[in-house]
Every structure is written in C-alpha cells, then in structure tokens.
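Paired with chain B in one complex and with chain C in the other, chain A is shared by the two complexes that follow.
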Partner chain A sequence: MVRLKVEDLKFSHGKKPILHGLDVEIRDGEVIGILGQNGSGKTTLLNCINTTYRQSKGSVAVADFSADVLDSPRELEDMMDIRSFTDTERSRIIATVEQNSFMSFPFTVMDTVRMGRYSRAGILDESDEEETEKVLSCLEETGILDFASRNVSELSGGEWRRVMIAQALAQEPEVLLLDEPTLHLDINHQFELMDLCRRIVARGGILVAIVTHDLQLAARYCDRVIVMREGEIIANGPAKEVITEDMIAEVFGMRSRVAWDDEIGGMSVFLIDRIYN
Partner chain B sequence: MDGGKVIDRAVRAWMEPEADVEEEVRTFQRNASLKVLFIVACVVAAFVAVGISVTIGDYSISFVDTYKVIFDHLLGNVTDSMGDYVIFTWRMPRILTGLIAGAGLAAAGCVMQSILRNPLADTYTTGISSGASFGASLALGLGISVASGTVAVIANAFVFSLIPVFIIILVMKMKGSSPSVMIMTGIAVMYIFNAAATLIRLRADSETQAAIFAWSVGSIDVTSWSAPETMVVFVIVGLVALMLLSKKLNVISTGDESARSMGVDAETIRIIALVIISLMAAGIVSFTGLIGFVGLVCPHIARLVIGSDNRYLIPASAAFGSALLLIADIIGRVITANNDIQVGVITAFIGGPMFLYLIVKSRREAW
Partner chain C sequence: MGNDVASARESAKTEETRRRRRARVILAALLASVVLVYLVCVSLGSSQIPLGRVWDAILGNPYIWSDDLIVNTLRGPRVLAAAIIGAALSLGGMAMQALFRNPMASPSVLGISSGSSFGAAFYIAIGAGIWLSSWGTVICSFACALAVLLLVYMLAYSKHGGTQTTVLLLAGMAVSALFSGLTSMIEFFSDADTVQSIVFWMLGSFDGMSWNDDLTMLVPVIAGSILICLNLRELNLLTAGEAKARNLGVNVPRVRLMLLIGSALLVAGTVAFCGVIGFVGLIIPHAFRSIVGPEHKRLAPICILGGAIFLMIIDTFARSALPPYELPVGTVTSVIGAPFFLWILRSRKNMLWRT
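Moving on, here comes the complex of A and B:
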C-alpha cells in the first residue's frame, strides 16, 4: 500500500521562492486533484515530487512501495526519500505525464509506449512475449490499440495525450503524476480519461495526482482536492468539502453554483461569471 | 466504409476480441522485418559498389574477377598476383576509406540529430568541421602542428576538431546541456575558428591556398593503408558504443523531462553521445577532410524508410552511408577521365535530389 508524503517542501527559482513549505500526504488508491490558478506552484510541486527539480528543500518520501523496484537490495527505512533512488529505481515508482511533450522524430505508437518499459525491461527486445503483452495491455487500457502501428506525428492532440498516458502506465508506476491530462481532449475523452484514472486506482497499489484547471472534473472524479495559492496549500480535503462556492470565489474569482447531484453521484460545479471588484 | 462493413467489423470485434491485437502485433513484426531488409539491401548495394569500384583504373580487372581476387586474398590463396597487387596496394585503401567514412559519418549524424532533437543537425553541428579546418590550415599554411612529418596535417586536424567539443561540454556544465545550449555554443565556436582559418588562408600563397581548399572539400583519395586502418578502429568502437546507447537515445526523443520520468538522464546521455560522435567524426575527418551531406541526409533517408527507432536507424544509416559514399566516389571517377571530382560534391548531387524526392513522395510526416 504505497504512500507519498511531502513534508515542508520548499523550492525557489534562483532567488524567487515558489513553494513555501508544503505538507501533503497521498495514500494508495487515491485520486488527488491539485487545483489553483496559473503560477500557484502546482506544476512545480509535481516537478519536485518527480525530482525534475532536484534542489528542493524538505522531504519527498515514499513508503510501502513494492520491493522489486530496487536495483540492489538494501536496508529500507520507513519513509524513503525519493532522491535516494537511482534514476531507474525512481522511474519504476513514479511516472509523470508532462503538460507539453512532443516527439522530435516519428516513432510508431507501439514503439513510443514501449519506451515506458525501459526501466523495467532493460535490454529485452520485441521478441519477448511477456513484454509485448504488457505493452499491448497498456495500449488497450488507454484505447489506442487501433492505431498501435501508426506514426505519432499523425496523431491528434487527444490521441497523443493517450499515448503519453499509456507510456506512463507501461512503467507500472505506483505514483502517477498527471499535469493537466485533460488539456486538448474533447469532452468525451476528458471523461474517459478520468474514468481510466478511477479504474487504475481501483486495482490498488497506485495513487494518482492530477494537476487540473477543470473544477467540474476535479469535483466529480477526485477523492481529495488540494488547492494552492502563491506556493502554499490553502485547502486540502475531500472534494465535496473543499470545492465550494466560497472557495471558487476566493481563489479563482468566479461566481459559481456548486451542488450535490444525485444523478452523477457527486458535486456539480456550474460557473456563472467573473467577480468584478 | 459502408454500413455493412462497420457492422461486420463490430461483430468480429465482439466475437473475437483478440483479432485486432493479433493484427497489430503482426503489423508491428512485419515492420521490424522491413527494417532489417533495408539494412541488408544497403549492405548488398555497398558490396556491389566495392566490386565496381575495384574495376576502375588503368589496370583492367573485370567485375566478377574482382571478387575472386578479393576472396582469394582473404583466404590467403593468391592466384592472380598482379591483380592482387593492384587491388590491395592501390585500390582497396580508397574503397575501404569510403566505406568506413560513410558508415561513421552517417551514424554520427543520425545520433547527433537524436540527441539534439533537431533534423538539421549533422556530424559537424558542434563545430568539429571548423576545428578540423583550422587545425589543417595551421599545419598546411603556417607549418604549426602537434606532430611532424607525414601525419602533421592529420594529427593537427584531429586535435583541433575536438576543441569545440571540449568548449561545448564546459559550457554545458555551466548552463545545463539542453540542445539549444549545445547548438548555440557550437555555432559561436564555429565562427571563431572559421575566422582564424580565413586569416591563415588570406596570408598564404596560392599553392598553399589550393592545398587548404582541397583538404576542406573532402575526399577519400588515399593510397596508404594507414588511413583505413586507423579510421576503422574509431568507427567500430564508436558504432558499438552508439548501439549500446540506442535504447536510451530513443527515450530521449520524447524530451528531457519525459526521459527523466522513464529513468533516463538525458543530459548525461547527451554528453556521452557527443563525446563518442566527436571522436568518431574527428577520426574520419582528419583523414578525409570535410565530406558534407552524408551525415545530414543519410539518417533522414533511412528514417523515412524505416522510422526513428535508433536500434535500427543507427545501423541502417551506417549501411546506407557506406553505400552512398562509395557510389558517389565511383560516379566522380567515371564521369571525368583523370581529374576526379571530389566525393563530397557528388554525394550532394545524388543525395540532394534523392532527398527532395523522398520529402515530396513520403506520405507520412517525418518531422
């Protein structure tokens, strides 16, 4: 039962402080939404968790991950700081789907997803049945099997996004970080993607953190929501407690109507207007 | 697709959910064998080109006989001693130089494009060419070299061609090793070296100027075994090292941050690959001078045919580069009687139109 714990996390770009001591804990089987306006530090938080930004202060640690991620057996502490892992070890625990990624040269969808197997399969090649099976199941899960042999340069934005998610799943991560995964997706695929997130966590052994601007999707699909403003977490709790008309007014400057909806079995968020003062 | 077919397909997908998967896997495996086929075709083309190339010269040997003489020699059972002498003393060094240089330059260009994520990159993008030119100009024009005697120009070109790379690595240590830092530093260093080389050329007499010019155009016209023997070490070691990196190079194509997420440190790989490419290219360029185009275009043509997977693309580029360079050399020697046209000129004349044709004809968007 994997856990991710962020304690007193601070990060600065040069002299400019971005994150001012964040504390978050995310548990197995949770889909957590990270909300906040542009520049509030959401993506920076993800980048500190996945060690893209190495110079962060404070601790980012994981506990109770499966032992097979380690290259060499060693004594495990209760909480292992994420910076104590090697690149390959870390990539078996954490997978990130970036907001903007592109392929510089044309690979097939299959090859692209297979790259996610790099840290697990190492030098195995396509003749390995078990590996192929794993790649195919990732393709199937994200609904991109139909164009597995197509070139990634021929894909639409939404298709490409699903390829990136399949690639992250191929890493068999226990922590999945998604930076605005629904961006560029049509409405149908946005819901499909969030359903996919729910399906993944339902299997257990994985937690998902999603940076998003979509309050509607966050309210509906996230177990828990974190709201960030100017590098601090100002709210952290179950979606239906955090996403309120007051919070939306205060943080996003929007008038809204938030209500429980029996039909969707969750909160429905309706944005009305900007608040002018 | 008409209505009936849609229903058929839906029914089939429902009845046999595995059918689509199998088809995808089959398509994928077919693609993999196509890639191998392309490499084999290039090797065969190079093999035929060797035979043709050996026939060119004053002492006449027929196309079929050339292979007989070559195999006799390799088996240590020489029957035609005159043919053996002509081929292995005079013609083979040039042919092998062409094969080795073509393979090395194309593979190096291929990897340079991958690590810089830039289709316009080639072996020379990081200033190897300007460093080598400056080193050669220094030796030819002013007689200043790190070595003396017959290897003065070669040794100087080799040493100076590596200076821009050292500068780039220094800058990358300070500013991070993003592709744009590499390219911009490479261009800055290139201008400095080119200016210095021009200064030497301006002060040289016309004979020296001609020698420097001839060097800079690049040719595989060597008559001693020392060139191919030295080059082959650089190229084989380089190719093996690049092949070992090929999976990591694939992962880097998704961008530094994605690569990091998948467990590959793009910055480190970029520096390692840069050092390998530079040594390989320097080992070639110091003997042949600047043969352009092979490093830029061969990887692209290979990529259009077989896709971007570096595990296949590196050997395919190398095989294609070998064949192209040797064929270009044959054409250069056949169309003029004694005054051979430099091989770099011909590669551009063949490769350019071929490349244009592929850009226009290729259905898939390659970049």
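Moving on, here comes the complex of A and C:
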C-alpha cells in the first residue's frame, strides 16, 4: 500500500522562493486534487516530487511500494527518499503526464506508448507478445486503440493527451502525477479521463495526484483536495469540506454556488461571476 | 463492443508487424546492394573493369596485373573508405538529430566540421613543426571536434529547460564561425604550399586511401557506433525531451555523454582522414526516416547501410564524371544531395518532422 509523504518541501527558482515548506501525505487508493491560481506552485510541487527539479530542500519520500521497482535487492528504510532511487527505479514508481510535451519525430502512437515500458522491459523482450499485449491494454484503457498506428504528428491536442496518459500507465506506476490532464480534452473525454482515474485507483496499489483548474471535476472526482496559494498549502481535506463558496471567493475571486447534488452523488460547483472590489 | 476491441487490438498488431517486416525487407535489400554497389563502384572509373574481372582480382587471380593494382590497391580501399565514412556520418547525424531534437542538427551545423578543419589546419600549419607524426592531423582534428561539440552543447544548455533548440543552433553557428575564422587566420599567415594542403584537406577527398587507413579509421568508427547503438532506445525517448526521458527512466547525463562522444568519434574519426564531407549526416537519416519511420532500432542499421551506399556512389561519380579530373567529393555530396533532400522535403514533409 504505497504512501507518498512530502515534508517541509522548499524550492526556489534562482533567488525567488516558489514553495515555502509544504507538508502533504497521499495514500494508496486516493485521487488528490491540487488547486490554486496560476503561479501558486502546483506544477512546481509535481516537479519536485518527480525530481525534475533536483535542488529542492526538505523531503519527498515513498513507503510501502512493491519490491519489484528496485534494480537490485537492497536494505530499505521505512520511508525512502525519492532522490535515493536510480532513474529507472524512480520511473517504475512515479509516472508524470506533463502539461506540455511533444515528440520531435513522427513516431506511431504504439511506439510512443511503448516508450513507457522502457524501465520495465529489456531491449530484447520489448517487442515480444506479452509486452505488446501490455501496451495494447494501455491503449485500450485510454480509448486510443483505434489510432494505434497513426503518427503522433497527426493527432489533435486531446488525442495526444490520451497518448501521454497511456504511456504513463505503461510504466505501471504506483504514483501517477497528472498536470492539468483535462486541458485540451472535450467535455466527454474529460469525464472519461476522470472515470479512468477512479478505475485505476480502485484497483489499488496506486495513488493519483491531479493538478487542475476545473473545480467541478475536482469536487466530483477527487477524494481529497489541496489548495495552494503563493507556494503554501492553505487548505487540505476532503473535497466536500474544502471546496466551498467561501474558499472559491477567497482563492479564485469568484462568486459561486456549491451544493450537494443527489443525481451526481457529489458536490456540484456553479460559478456565477467575478468578484469586483 | 468486446469484439470491436479485440479486432482493434488485432489490427494494431498486424499493422505493427507489417511495419517491422517492411523495415526488415529494406534492410535485407540494402545489405545485398551494399556488396553489389561496392563491386560496381570498384569496376567503374577512368579505366573500367568488367565485374567478373573485379571478382577474380579480389579472389587473388587477376586477369591482368593492372586489374590487381586497380582493384586491390587503388580503388578497393578507396571505395571501402567511402562506405565506412558514409555509414559513420549518417549514423552520427541520426544520433545528433534525436539528441538535440532538431532536424537541422548535423556535424556541420553544430560546428564539429569546422572544429575538425581548424584542428587539421592547425596541425598542418603549426603542429607539424612541433611534433611530426602521421597521426598528427587525425589526433588534432579529432580533439578539436570533440572540444567544439562540447562547447556548443554547454552554451546551449540551461539548468531548467534542458537544451534549447534555438540557442543550440545559434551557439553552433557562432562557434562554427569562430573556428572558420581561426582557420582562415591560420591560412592567412601560412605560405602557399601549406595553404594548398589545408584547402585540399578541407574540400574532402578519398584519394590515396589505403587498406591501412581503412583499418585505422574503423577503430573510432566501431567504437562510436557501439556507443550510439547501445542507446538506440534512449534516442527514441530523448526525442520527447530530456526532462520527459528522465521521467521515463533514462539516465540522461550518462546517455547524453555516450551519444556525444559516440558522434564525435564517428565524425571526427572519419573527417580527420578525408576532410569535410557535408550533407551526408543530414540527408541520409531524414531520407530513411521518411521511409521506415523514426524508431531508432529499425532506423540505425538502415542508416548505416544507406549512408555507405550513398557515399560509395557519390565518390564513384566524383572520380568518373569528368575524366581526367576528379571532383572534390565534399562538393558533390552538396550538389547532388541538396536537390534530393529538397525533393524529400517537398514530397514527404509530414514524415520528416513534427509539423
């Protein structure tokens, strides 16, 4: 049952401090939403967790991950700092779907998703039957099986996003970080993607952290929500406790109506207008 | 619904098998032609020898003694040199285009060629007076090429964004210009004979290559090829950017170093022997990528063979088009290569690069 624990995490871009000592713990089977305005440090938090930014201070640690992520068996502590893993080990634990990414060459969708298998499959068994089936299952899960043979240069923004998610799933991660995954997706696919998140989390052995601007989706699909402002976490708790009319007014400067909806079986957020003052 | 999924899975698999089989057919065809083209290129030239007699001479019982001289001493090693150099330059170009995520990346754009030239000119004009060795040009040219590539890469590298394409090209152009300027300065201060040797070297020629040269050249070429071929999967991932490749599990600093050293070995190791030969490293990878796709495990062997065939043909053309003159091979690659590349660019643009 994997756990991710961030303690007193600080990060500065040059002299400009971005994160001022964050503490978060995320547990197995959780979908956690990270909310906040532009520049509040959401993406930076993800980049510190996956160590794209290496000069962060404080600790990002994982516990209770499965032993097969290690290159070679070794003594483990209860909480393993994420920086103590090799690149291949880390990529078996954490998968990230970045906000912006592109391939410079016209690879096929199939080849692109197969790249997610890099740390799991050796170069020789990369194209064997079993591996191919695994890649196809990732394509199936994200609903992109139909364009498996197309070139990624021919895809729309939304299709490309689903390819990147399939690639992340191919890593068989225990921590899945999604940076605005619903951006560029049409409404139907936005909900499909969130359903997918719920589905993989329900299987267990994985936790999902989603940076999003979509309060509606966060309220409906996230177990827990973190709200960030100016590099600090100002709220952390169950979605229905954190996403309130007051919080939306205070953090986003928007007047809204938040109510329980029986048909959804969750909170519904209705944005009214900006608050002028 | 379940049937649809099953059939979609099947068709995805069939399509992939078809793609792989196509690459294999092309590879087999190239493998056969590389031998055939070698024989034909040895047979063609100012004095033509029929293929059958070429074969006899290679097996050691020449029809007349001059066949032995031409096939085994003059043309044989030269055509082999063209093949090795063509293979090395196109594999090096392929690796650099993926590493730098840039379609324009090639030894000349990144300044390796002008670094090599500077090293060779420096040795011919100054170094030979200090330390005379038949290896002098090779070593000097090689060292400068590596230094220039690292300089360009470091200039283009920023802590957070990885390598930035625009900065890379600008840095490459600037450093290239710097070393061309330094080379010109060396020429300016040298006497006429030295200048002629330098210019001759820079135009590129396979004239006078011996079996011994071929063997020596194979050392850096094989070492460089191994360094690159150990990282073919990593090249695929690097085309998504260094940060993304790292998130997918690539040890980026190690792979990058191996690729840089590998490319430098390939390019500098061959250029040191034959001078600057432009365009091969740019057009061959693009041409074959547009046919078999960018998957580097499939592309690399095809690039190696395709580059070898291309340069053997170009060299044969260069030495037999206008007898008794011999055209500098470096100029022919550009004159023939550029229109060919433009044709690919116009007709298959979407297969070349993300548009």
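Keep in mind that, in the parts below, the second predicted complex is superposed on the first by the 274 of 277 C-alpha atoms of A that agree within 3 Å, B and C clash if a C-alpha of one lies under 4 Å from a C-alpha of the other, contacts with A are read in each partner's own complex, and residues count from 1 in each chain.
Following the convention adopted for this analysis, a contact is a pair of C-beta atoms (placed from the backbone, for glycine too) under 8 Å apart; a residue touches a chain by one contact, two chains touch by 3 or more.
Because the structure is a prediction, the values reported are computed rather than measured.
For the composite obtained by overlaying on chain A, chain B and chain C cannot both be accommodated without a clash. In the superposed pair of complexes, A:156 makes contact with neither chain B nor chain C. Looking at the shared chain after the overlay, A:105 reaches both chain B and chain C. Legend: residue contacts after superposition of the two complexes on their common chain; A:148 is shown touching both chain B and chain C. In the overlay built on the shared chain, the residue A:84 is in contact with neither chain B nor chain C.
Comparing the two interfaces of chain A, the one with chain B and the one with chain C have residues 50, 52, 87-88, 90-92, 94-96, 98, 101-108, 110-111, 115-116, 118-119, 123, 126, 132, 136, 139-140, 145-146, 148-149, 151, 153-154, 167, 171 in common. The touching residues of chain C, counted against chain A in their complex, run 5, 8-9, 11-13, 15-16, 19-20, 98, 101-103, 160, 232-233, 236-237, 239-241, 243-244, 246-252, 289, 293-295, 297, 350-355. Residues of chain A touching chain C in their complex: 13, 50, 52-53, 86-88, 90-92, 94-96, 98, 101-108, 110-111, 115-116, 118-119, 123, 126-127, 132, 136, 139-140, 145-146, 148-149, 151-154, 167, 171. Listing the residues of chain B that touch chain A in their complex gives 20-21, 24-25, 27-29, 31-32, 113-114, 117-119, 247-248, 250-251, 253-255, 257-258, 260-265, 303, 307-309, 311, 364-367.
The touching residues of chain A, when paired with chain B in their complex, are 50-52, 87-92, 94-98, 101-108, 110-112, 115-116, 118-119, 123, 125-126, 132, 136, 139-140, 145-146, 148-149, 151, 153-154, 164, 167-168, 171.
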